[in-house]
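First subunit A sits with subunit B, and in the next complex the same chain sits with subunit C.
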Partner chain A sequence: MTSPLVWRISRESARLIGYKCTSCGWVSFPERKRTCKRCGAAPAEFEELQMKPFGKIISFVIQHRLPEGFQTPLPLAVVEFDEGARVYGEIIDCRPEEVQVGLEVEADLRVMYEENGLDIYSYKFKPRRGSA
Partner chain B sequence: MIDFGEHFSMSLEDMIEEAYLNAIASVDKGLDPKEIEAAWYGTVYPAMGNSGLVLSHATGLFGIPITRVENACATGSDTFRNACFSVAAGLYNVVLVVGAEKMHDEPGGLLQRADLKRLWMGRGVTMPAFFGLRATAYMHKYGITREQVALVSVKNHHNGSLYPHAHLRFECSVEDVVNAPYVSYPLGLYDCCPVTDGAAALILARADIATRYTDNPVYVLGSGLATDSFVRGGDLTNFRASQNAAKQAYETAGVKPEDIDVAEIHDCFSITELISYEDLGFAEPGQGVKLLDEGHVHLGGEKPINPSGGLLAKGHPLGATGAAQIAELYEQLRGEAGPVQVKNPEIALQHNVGIGRFATGSVGCVHILGR
Partner chain C sequence: MVDIASYGVYVPRYRIKAEEINQAWGRSGGRGEKAVAAPDEDVLTMGVKAARAALMRASLDGAQVEAVYFASISSGYAENALAAQLAGLLGANQGVSVADFGLSTRSVTSALQACTDAMEAGRIGCGLVIASDRLIAKPGSDYELSYAAGAAALVLAKEGFASLGGFSAYSSGFVGRSRAEGQFHGTVDERFVMQQGFLEHISLAIQDLTKVMNITLDQFGQVVLHAPDLRWGNRALAQIGLDPKKHVSTFAQIGYAGCASFLVDLAYALEKLTSLRKILAVSYGPGGSDALALSVEKQPSKMHGLMTVEEQLNQKEHVSYSTYLRYSRLLGGPR
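Up next is the complex of A and B:
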């Protein structure tokens, strides 16, 4: 059992499916919405969008104080997918000093936490290495 | 208001009771509690339940409308704003506004809200992280150093060392700020406000009868409130919620940023104050540090900002903060601010910006007061 909060977005979250507003291009991820949060269209027309696992770091912090269950220091970023959707994400597989604004990153499926004996998977981000 | 600090010996209601009694005692020509026709009560994480009943119990005001307001770190100011509407609408002559927060009864505190068991939204995003993300973006875009951001903490701790109600009453240097342990890089301990208990109460009366209570009233000239979310786009070097709230407040008051003589603005973190200079129109984007370098915003400067020490030194009991800022500006405008009194201010600005919706969005609130 996952929490309803996680269950409701499980399809979009796992498959990186977003929804693009046909009037302004804003991308909703991972929630499916009926109104646009950028242009305010209500109802807005959204088209389903298969996002690629690529984006870049808009900004970041290195977390030193977190509740139990997190490992610190933890680089945490606002990542913008190439398609425009913005999310919070942990940055992995690199030294903290490699984390920079503008760094190109790749979404990587990882275990986020355990709930009732089940591993809950979602994406963390690692630097995009080499040519893709 | 009451002295802000660690009030382990006081309950939430005890703090409200004291703030309320202080407010009544401060009315120059006296106020009979029976004249209070309605009350608004702001708190974010209610230590004693969600309703307005806590305010009744703390004050003895039963049988009148009491509304509880919650709106992130703008809770205190939005509580005030809603009370203003009732008076402006002609519904009541005299109403009470109370903001209060008990931060010290739960040992885990706000850190626990960086929910581990959540995906995407707000996972691992503490309050320092939310504002730290702004700091990184701002410093990167404008080439600002941690030492420059630290000037906010140095200024506000200096002011707080003089202000009798402040929680932290010590001075610090730029070196102290940049050498302190990191909380959320690039923000260190002295870039962050402390965890503080507090309460503040305000008495609001219709403008045309205010002189029944005092010969020296302070008037509410303007008010604004707005929300925003980072998922909407734009860069992370400002708060559009603050910008829109400020625009509304300036328009309703009919004043401009340059008309503001003194301000209490939201410095939950050092970077927040720096960005807010720009959001409130006191500086052009990227130019906020100049105000600090030139002493423009210091006590004795042209536009002193956070003479109380701000949230960084005075403390930030969420629901109390906005109400306390208004109480402080009331004292400033009446020339009663003692050691932190600004020279003869006529127009004052109050500002909050808070985080909501699992740290994805922000709420901005601005008031303009005058005498």
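Up next is the complex of A and C:
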């Protein structure tokens, strides 16, 4: 059985749609929150924001020991999109030693894992070399 | 009138040289190289990138597209409509016309023709045709030297920079290369398939196109031939009497990516265009061949921040044969 959680990718995740707090400008991605994490507005008013696939690494870790099913060494990073939203994701298409704080990255739709023969997708991040 | 308003191409970053593959199997030499997809890339992830590039070049939003037609022979699914998934990822409206084409590399021109027909019938005003393939050959086989990955997309609209002027098809019961679900291509007599299949089918499709359009071959400034083998393409040029200088092909740089190769080469031809001219583009796959004529009326727009086909061909990282095997997922392992 395919679990209902993954049988489709959410509209926000698929198209990088974030939610911007109308009071302070904080951007939530991919969830539309009820309260603003930064200014504390509750209930907060959010407007939809089409984000660009660009951002930079804020912090990272290179994982060397992971359970079966993961390729190691695996760089994992907190990435801040140019619009301000922060996410956690895999860094791909580069050697682990190239990963550094401040590295400009581009969100890239990739297969995350396979469930019952069905590819499940999400964004990973690769060093920005131009957009294709 | 149906025009090409934009194109988009996605070539994976990794390459393997034919020489490296040959070396792994104790053979010497080898010409060219081919594009290799990362283990977490598939026809959908590559297709969506080509389509987004095409939409960006046309300054279009996914919601403005009324049809998403997808061609591939390597989705890996016996049942799972990827055109609808692509439409969703691109932000198309839920009433968008979607269709999946496959089972032959020729299906790329079936998709193109279906989209053209829908526009000519007035049912849609703007459509997206996407082709994406990730071909995996049996290790050690001849096909392993050329089977590659890539994707490309065209935006068709009422007004663009090139018009689709003519379409001719030639179909027969000839099969050639075929493959059962989940299996590798079996070995066939390639010489026979080239002669009786490829050469005969594309020649007759081209012959019909020139007759219908009342045009001679020398009027075409560029030629795109959907050949699954570099030698087949060269042989066809000689047999049909086409100037090899007019042949636009990415085969030596990225290999053969099934349905996608036809659109990648066509996009490359549009990009390389230095003067306004006619382009002959011929597809081939089990079952037959389609020939189409394009008239380029304006130079396609150059988009800042969007990689050209040429840049994508040049931006690459070579991998070893063992990495290639891991990336092709023939050994299993994580994505």
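Note that the second predicted complex is superposed on the first by the 120 of 132 C-alpha atoms of A that agree within 3 Å, B and C clash if a C-alpha of one lies under 4 Å from a C-alpha of the other, contacts with A are read in each partner's own complex, and residues count from 1 in each chain.
By our rule, a residue touches a chain if its C-beta (ideal position, glycine included) is under 8 Å from a C-beta of that chain, and two chains touch if they have at least 3 such contacts.
Nothing here was measured: the structure is a model prediction, and the numbers come from that model.
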item: Combined model on subunit A where subunit B meets subunit C, clash or fit; value: fit
item: Which of subunit B and subunit C A:Asp93 touches, first, second, both or neither; value: second
item: Vertex subunit A angle, Cα centres of subunit C and subunit B, expressed to the nearest 10 degrees; value: 150
item: Touching partner for A:Asp119 - first (subunit B), second (subunit C), both, neither; value: second
item: Touched subunit A residues, subunit B compared with subunit C; value: B
item: Which superposed partner A:Ser59 touches (first subunit B, second subunit C, both, neither); value: first
item: Touched partner set for A:Ile9, first subunit B, second subunit C, both or neither; value: both
item: Which superposed partner A:Val111 touches (first subunit B, second subunit C, both, neither); value: second
item: Which of subunit B and subunit C A:Gln71 touches, first, second, both or neither; value: second
item: Touching partner for A:Arg129 - first (subunit B), second (subunit C), both, neither; value: second
item: Closest Cα approach, subunit C to subunit B, once both complexes are overlaid on chain A (Å); value: 11
item: Subunit A residues contacted in one complex by subunit B, in the other by subunit C; value: 9, 69-70, 112-113
item: Contact footprint of subunit C on subunit A as seen in their complex; value: 8-9, 11, 14-15, 69-71, 92-93, 108-114, 117-119, 121, 124, 129-132
item: Contact set on subunit B toward subunit A in their complex; value: 108, 111-112, 114, 116-126, 128-129, 132-137, 140, 181-187, 229-233, 235-236, 359
item: Residue ranges of subunit A in contact with subunit B within the complex; value: 3, 5-6, 9, 13, 26, 28, 30, 37-38, 58-70, 73-74, 76-78, 84-90, 101, 112-113, 115, 120, 122
item: Complex contacts: residues of subunit C adjacent to subunit A; value: 9-11, 13, 38-42, 44-45, 48-49, 53, 56, 62, 77, 80, 88-91, 305-307, 311-312, 315, 333-335
